[in-house]
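Just so it is clear, A, B, C and D label the chains in written order, and each chain counts residues from 1 on its own.
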Amino acid sequence: MNIVENRYGKSKVRVARIVRGKDRHDFHEMTVAIALEGDFDSSYRDGDNSLVLPTDTMKHTVYALAQDPAVEQPESFGLLLARHFLGHLRHLRGVKVDIYGHLWSRKGPYSFTAGPPHRRIAKIVATHDKVTVESGVAGYLMMKTTGSAFEGFLRDEYTTLLEAPDRILATSLDATWLHDGNADWDKVMKLITETFTAHASKSVQHTLYAIGEAVLKSEPIERIHLKMPNKHYLPTKHADVFTPTDEPHGLIEAVLSR
Amino acid sequence: MNIVENRYGKSKVRVARIVRGKDRHDFHEMTVAIALEGDFDSSYRDGDNSLVLPTDTMKHTVYALAQDPAVEQPESFGLLLARHFLGHLRHLRGVKVDIYGHLWSRKGPYSFTAGPPHRRIAKIVATHDKVTVESGVAGYLMMKTTGSAFEGFLRDEYTTLLEAPDRILATSLDATWLHDGNADWDKVMKLITETFTAHASKSVQHTLYAIGEAVLKSEPIERIHLKMPNKHYLPTKHADVFTPTDEPHGLIEAVLSR
Amino acid sequence: MNIVENRYGKSKVRVARIVRGKDRHDFHEMTVAIALEGDFDSSYRDGDNSLVLPTDTMKHTVYALAQDPAVEQPESFGLLLARHFLGHLRHLRGVKVDIYGHLWSRKGPYSFTAGPPHRRIAKIVATHDKVTVESGVAGYLMMKTTGSAFEGFLRDEYTTLLEAPDRILATSLDATWLHDGNADWDKVMKLITETFTAHASKSVQHTLYAIGEAVLKSEPIERIHLKMPNKHYLPTKHADVFTPTDEPHGLIEAVLSR
Amino acid sequence: MNIVENRYGKSKVRVARIVRGKDRHDFHEMTVAIALEGDFDSSYRDGDNSLVLPTDTMKHTVYALAQDPAVEQPESFGLLLARHFLGHLRHLRGVKVDIYGHLWSRKGPYSFTAGPPHRRIAKIVATHDKVTVESGVAGYLMMKTTGSAFEGFLRDEYTTLLEAPDRILATSLDATWLHDGNADWDKVMKLITETFTAHASKSVQHTLYAIGEAVLKSEPIERIHLKMPNKHYLPTKHADVFTPTDEPHGLIEAVLSR
């Protein structure tokens, strides 16, 4: 039996890197796939792993090399990775690196949003006697690289989380607000974005409350429902390098009224 | 056995509407869900459908009412729908309407894009002797409400498609371009967007070619691979009202070189 | 500028076919992608469509040829399609057909289910005083090719739906049931499946009620919440050939108690 | 400003547990969401976290309690979790636990599959001179709780992976096979399943090769393309408790011929 072609590697390695400037941060987020080609026949035929670099190591290599300035462009970061593997593993014939760069739009020196496609929402509940109208947004991605802490929390036997005086805060906001029809959608979105950006956050709860307060104060809104998943960027052992993760995520939710 | 609660309706009704101004078009795209509540017990217990308005009718009602100026805000369109059903069906207790508004960003008087999150791509293939770098984009949504035709095509026994002198053109572009490392990603994206916007399109193929030509002429790019699904906006029987659809879609693909 | 390679076609064409035997039906559901290759340079360069068969025609061809017995295997149906296009369009160099066959498991002469992965659900709500436990299922796909009607419904100015004395009924059931902890999950699932299979359905509401009744009668369950989207298989103009569609869908929902 | 309602917790906590019997293993996989309610106003208003148990702790609690026999039913595991939080945190008013149980079908004492809906594939490439037919499968989930090792692999400076003499092996197989039209799809699927189940695996590569060998030996197949993502079940610090993860994943791929 012939092995006509073979390839192995790690897919969907997610990595983020903060590059700290004097008065602002740049932020690079990518999803990386690496595939190695070469003479790995003995691993297939005999289960001999002596030439097989674990795919787990490829993941750690992505995290480690994300400290290099090459991380600023997906092309240069891909080249750095390809050359690393070709240089270290002489039994390779070739390396493929595929990178998806996530596109964040700057909203402040340390804050960013993504999209649309988030979506604008309208919810109408009508009976013969009464009509309520809620407006809202679904899936509005916001992220900030500093200005967010989580400290002084309750600890129990299962608690291993470290105090975080300065962490990345990211969320995909779902919100609906009840109003008389006169609240301006664009103004509410602007208030949400600006409050998220400016707030000295002690927790997601704390920022959620600040957002609700800003909106209820300035717009003719009676009640607002805010749902803020805590989209974790887990630290790696390399400074300023994080791994974004979708599962699990925190979920903070509250209804605020005047 | 008691029927404690019941509700029925139509979900994921997609509708789009062009509002034609003198020198520009507005474009409204929404996904609508309608749920009716009332005394429908006999339909559950006895299969008596005499009070059951088909959910198919709700869909057609969305299309028909999308001609109303209320379509310009999701809230006012939702109210119009809720009042329509409450007014026509006296056996209803209540109506719920949920609307997701799709957010398009204007790029010209008749053209729009959405996102990010589309994604920037880098593809590296490296051996000990040779390295190729491709840059690209995945999932870049572009749409125009005019300046696109499809006429004079081949017909056979299964062809029912009408000649279209003026149709909506929408795509989710995937593209990769091979270069020496000196092509500027933002410039390529700008060329793609501007060519899509300005081109007097006779088909997706025709626009794909124009985009490739614009990019190869202006940037140090050797070869470009363009993949343009034709994301159909199907006409309804109501002028300027369309139903967007994901399945099936056309798929036009070519590799162009200098 | 050279056109190095090009290809065009229709993707995600969904088609279903009932093959009626004496005492049972076979059911074939597929998603088809077709791509044509040949000398289409003039369509790209000049927007000359005279050799371009519309992708819409490819869709109708899939529906028409689904009446052939070749539909029973994805391989033979793919060959039939490929030969059709090569035979009719002499300017083609090649055709690619990719087919995904959906796998339904027979539950009766006219009924089928798919999955897992549907999912088993448990919902616990606990306070210091009170605990409620609900069990359930999410995304349970069931389908029957006969034994389902929808007739005698309310009509208004927007109603175009035809009376259906015999139609396909398909759903993706979400259900949760409140019990004292002694309801057997496997037994409830069996009751749901058997009732769906055996019921002479006059509407989704009617079948939902029958399922609720069967479960509440036989198991120590206080209340059941049933949510049954009506997953439409739209008729084509070819007998026994349907096009499955995800958007829009009906949504029927009720809470039943003893 | 009033806090009308509030809730916080952790969603999408994925956990798996092997229960080792004498001659067979049971396997329980769930996705858990926990939400706590109580007087957390000070955390919202003042950013006072002293009553806030981190959502990270909820995750670790799920892992720890998965060692309890209650894990065998989603209802009993949900109750165990709810009682744990109510018992330990006297400031709570209530707890909600939502569990999705993944449904695996047993294929042997230590092996399982899930689905359909995986999908059957047919790929036809036809020119006027030549036709090739490939058959295949997409997304076929297989998992085994023992009989899989990964040891003796290459190590470098970034390698932290431990030798694994006995690990969970899980994949979502994509495969296509080239044949003359006489290969029986059901027989190939049976060979794939049985070989995966029986093979004493030294790596994914090793099992991939064994599957290819079994198929090429027994069926009139010329060439087979196998793609096996390594869907990781990461060990926790609790014996027999794992956390399933989608990102990143290994990807092993080869084409084998007679």
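Keep this in mind: a contact is a pair of C-beta atoms (placed from the backbone, for glycine too) under 8 Å apart; a residue touches a chain by one contact, two chains touch by 3 or more.
Computed from a prediction, not measured in an experiment: that's the story for all the values here.
Contact with chain A and chain B alike is made by no chain in this entry. Between chain B and chain D, the least number of touching-chain steps is 2. Among the remaining chains, the Cα-based centre furthest from that of chain A is the centre of C.
A separation of 23 Å divides the Cα centre of chain B from that of chain C. Between chain C and chain D, the centres computed from C-alpha atoms are 27 Å apart. Chain A and chain C have centres, each the mean of its CA atoms, that are 35 Å apart. Of all residues in chain A, none touches two or more other chains.
Taken together, the chain C residues at the contact with chain D in this complex read 73-75, 77-79, 81-83, 86, 93-105, 114-128, 131, 133, 135, 138, 141, 181. If you check the complex, the residues on chain C that touch chain B are 1-14, 33, 35, 40, 43-57, 59-61, 64, 88-89, 150-156, 158-161, 201-206, 208-209, 212-213, 216, 223, 229-230, 245-258.
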